[in-house]
Amino acid sequence: MSAAQPDRALREEELLASVIADLIGNVRHVAVGNASPIPATAALLARERGGGRPYVSLLQSRKHNFFTGGGVELFDCAGQGRIDVFFLSGGQIDGQGNINLVSIGDHDKPQVRFPGSFGSGYLYYVVPKVILFRTEHSRRTLVPKVDFISAPGTSPDHVHRTGGPVALVTNRCAFAFDRARRRFRLQSVHPGHTVEEIVAETGFAFDCPADIGETPAPDAATLKLMRERVAPELAEIYPRFAERVFGISADRPQSLALGA
Amino acid sequence: MSAAQPDRALREEELLASVIADLIGNVRHVAVGNASPIPATAALLARERGGGRPYVSLLQSRKHNFFTGGGVELFDCAGQGRIDVFFLSGGQIDGQGNINLVSIGDHDKPQVRFPGSFGSGYLYYVVPKVILFRTEHSRRTLVPKVDFISAPGTSPDHVHRTGGPVALVTNRCAFAFDRARRRFRLQSVHPGHTVEEIVAETGFAFDCPADIGETPAPDAATLKLMRERVAPELAEIYPRFAERVFGISADRPQSLALGA
Amino acid sequence: MAAIRPLDDALSAIGDGCLLAVPREVSGVAMEATRALIRRGVKGLHLVTLPTSSLQADLLIGAGCVDVLETSAVSMGEFGPAPRFTAAMTAGTLKIREATCPAIHAAFQAAEKGIPFVPLRGLIGSDLMTHRPDWRTIDNPYAEHDPIVLLPAIRPDIALFHAPMADRDGNVWIGRQRELATLAHAAACTIVTVETLHEGNLLADPTLAAGTLPGFYVDAVAIAERGAWPLPLPDRYPADQAHLTEYMKRAATPEGFARYLQDFVHERRAA
Amino acid sequence: MAAIRPLDDALSAIGDGCLLAVPREVSGVAMEATRALIRRGVKGLHLVTLPTSSLQADLLIGAGCVDVLETSAVSMGEFGPAPRFTAAMTAGTLKIREATCPAIHAAFQAAEKGIPFVPLRGLIGSDLMTHRPDWRTIDNPYAEHDPIVLLPAIRPDIALFHAPMADRDGNVWIGRQRELATLAHAAACTIVTVETLHEGNLLADPTLAAGTLPGFYVDAVAIAERGAWPLPLPDRYPADQAHLTEYMKRAATPEGFARYLQDFVHERRAA
């Protein structure tokens, strides 16, 4: 394991992880699914800052995963109401919070195919705080209406639903999701971006209060925790991410990694 | 562990176990529930004779029980169609094969209370060969109609049912159960008992062919297997039964047990 | 997350009238905790057994702690009928919700999955159905004329059991007794007594982890050496045959049972 | 009961057109067996992943072995989209039954319990429902105006996975990967490859037994050292990052994929 370079510039992934860690709040249990390195970073960061709380379950990890009942335990645990925060993304996300992890175009012969819905068709309904994240903020990804609803952002009142989206974090900004109004509200704009740019690059309509602030960058202590404590833990399941973002490799001795 | 006395007279329990072992037939898996020492003896005897086949699962045993998934595995296994033979008894058993493991008289304030239905309300329906046994053969136990049906002997054709009773073994005789006719047929009379006595002591009507034979006693090889190989295994979960019937105690050294 | 606590403290969450779930005899019964509850005078329990019980239910019933019993069977096994259960039933003083083993297992698994009900085969034509209006028959939507029974989930307030060991993070080694995990997953609160404290973390070793209930699900752990006595603990110790014989003798009458409670519960005597 | 058999022999029960169930990447994927199936030229598989897949599904799809795929997702994780899955889907040559992870888990558990269907929360309002006419919405009989989805059981012909070890009785140590037990319970026939043979009986030691799938459920076992390669085997070895990078490069085109098959499947090369 290597220590990272403490003085280098803030990376976008670090900002996003910090924003997400703040969104996690004071909860008991955060779970992170497959292929989610930035949310994993955020969850581990929240745990470091909370002195061991919340519990963090990284689905693909052996170390950061207390489950002993096999793959079903994550979903049963959510069904029991014991998962407070989860993360979802989408090939497309629309203004009603619907997410598409399946395809664009005709489902049976699509123009674009995504991997599939994973656990979204269930977890989106039963985890109280689902944080959506998508690093590509464009009219291609944030659309008026998704081509395939892997999981809907809201449900009619008579449909049993204890969870749903609370926020959407992109490379340009953070939105809050208003469940009653069933739409997003711009929350903060990341440094170097503007409201105008966000309006231009977002395919759906959203609420935009007059006084939008800039997304705060992580403070030095947070950044130090992330780079020195969290990053080495990521290498177990996201070795390429850990190397690219934090210059860390699990396969190489520390001195080599420092030179990378 | 002790060896038993090889030359003593045949005990009733040994005869019944031998009859039940013959009924088990050539199957893959026999399971035995709680408080069933004679069926347990029969199942282990069948396995000894079959050179390791059938698999035998004694619900209360650690040793003779391959289940590693907890108490539900027996029932799941049966639901998968992987249990071929099971044993049930009843405080009352009636001529339609209905069994009562609950109570006699008004259910909420009964004259007689039995322990409860155990797994009968499920296993009777899904195990192809259920062997009923009841050592007390009397008009008190074998009744025209049970006071409480823990599990019915037969079901209407449209009710999904892959199992049910095939036989009833008592201290006086063995009955076969005819599912199409929904009634018992006397199969053989145990040594020392008569058809007339059985008619007199049975509370329900049953088919009685003209040529009823005597229940064959176990041969010397079977008896030797039962006393020397099976009996010591029983002491794990039925220490009192093993001591009373076979003179075997797991808690005492062999020499002492032989003297008991 | 669980901390190791003194027994009475660990049991404090078990309030009068709660829905208390306990496992069958061979899975690890918290008998020392049961005696502590009787000493404390817990009342009005809705006791659910997963799926049967022996001495534990008999003691709690005899001591007047139970209002409602949901079970597939209460029996002392080889020793015969459970005396105080039988007496309470024939006296008409105990409300019972009759069940059958796989139905109780399935209902706990439904709670574990967060589903409101689960179907189960069998049951149709049993008088259990007439005594369980909450078990409903529907037509299987995937077949023609195929009635099937639905069971509502059982969500206990408290799960209570005994296991071989736990660590300081509240992880509990349950081995093959997987229903103890289901019990904990289904319950709002889980209290465990254990034989010994395991130094180190049970989840750190993949072999031990395979048989471990994570501390995440465990609210309190207390050390209770020979805590299942006089019942057996799987792979650790057998039942105390002599004591159970003594129990059967004494518990045959209300007076004898009262003396048993005095000698072995209130006086805290043990073998 | 399983005997230890040569790999190709152990796989003989996997016939063309069968319903083949396989686990997710982190649970133990039988990759050496998968390569053997491709060499043998198995066709028309109905492949069900519990609940997702990566290289295994991509290889089988690319090699033309799969007619129908039932999955929650096929992805190469950090390496990106699964190239042959994506190509087959956009070409319209692969029939897919879309699912979501807990629905596949629940459907296998229904088969394990011998129940024809199981309810699950969520799902309502998802387009998964329009593509899965076999998922039916009913009114929860235990509540007012509470729609809930039912899923039919999935009963595979064959379950195939890779595990750390087995003994001569066919008992297989699966550790925390409990879904492998569900897979075996649900399937008519279970075939397992393992890293090593365990001398002695896995059920004899209570600690090992807690993580063991009994041989009763296992029809064939074959030894395949590094049998999950280039995928990881939990607690044993990590994924071969370099090889997966190489795979992604080659499998980006049909020609590159054909060369990959030639070099790493038909030529039986390994790292």
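Labels for the chains are A, B, C and D, by order of writing; each one numbers its residues from 1.
Simple rule for what comes next: contacts are C-beta pairs under 8 Å (C-beta built on N, C-alpha and C of every residue); 3 or more make two chains touch, one makes a residue touch a chain.
This one's a predicted model, so the numbers in the text were calculated from it and none came from an experiment.
More inter-chain C-beta contacts link the pair A-D than the other of A-C and A-D.
Once the centre of each chain is set as its mean CA position, chain B and chain D turn out to be 41 Å apart.
A straight line joining the Cα centres of chain B and chain C is 27 Å long.
Within chain B, the positions touching two or more other chains are listed as 67-69, 75, 78-79, 126. Looking at chain D, residues 106, 113-115, 120-121, 146, 148, 176, 181, 209-211, 234-235 sit in touch with two or more other chains. Contacts between chains, counted with the stated touch criterion, involve the pairs A-C, A-D, B-C, B-D, C-D.
On chain A, the positions that touch chain D within their shared complex are 34-35, 37, 60, 62, 67-73, 75, 78-79, 101-103, 107-126, 148-152, 155-156, 158-160, 238-241, 251.
By the touch criterion given at the top, residues 106, 113-121, 134, 136, 138, 140-143, 146, 148, 150, 152, 174-176, 206-211, 234-235 of chain D touch chain C in their complex.
On the chain D side of its complex with chain B, the touching residues are 111-115, 171, 181, 185-186, 203, 209-217.
Within the complex formed with chain A, the residues of chain D that make contact are 23-24, 26-27, 50-52, 71-75, 77-79, 81-82, 85-86, 89-92, 98-103, 105-106, 109, 120-128, 131, 145-148, 176-182, 234-235, 241.
On the chain B side of its complex with chain D, the touching residues are 29, 55, 66-69, 75-82, 126.
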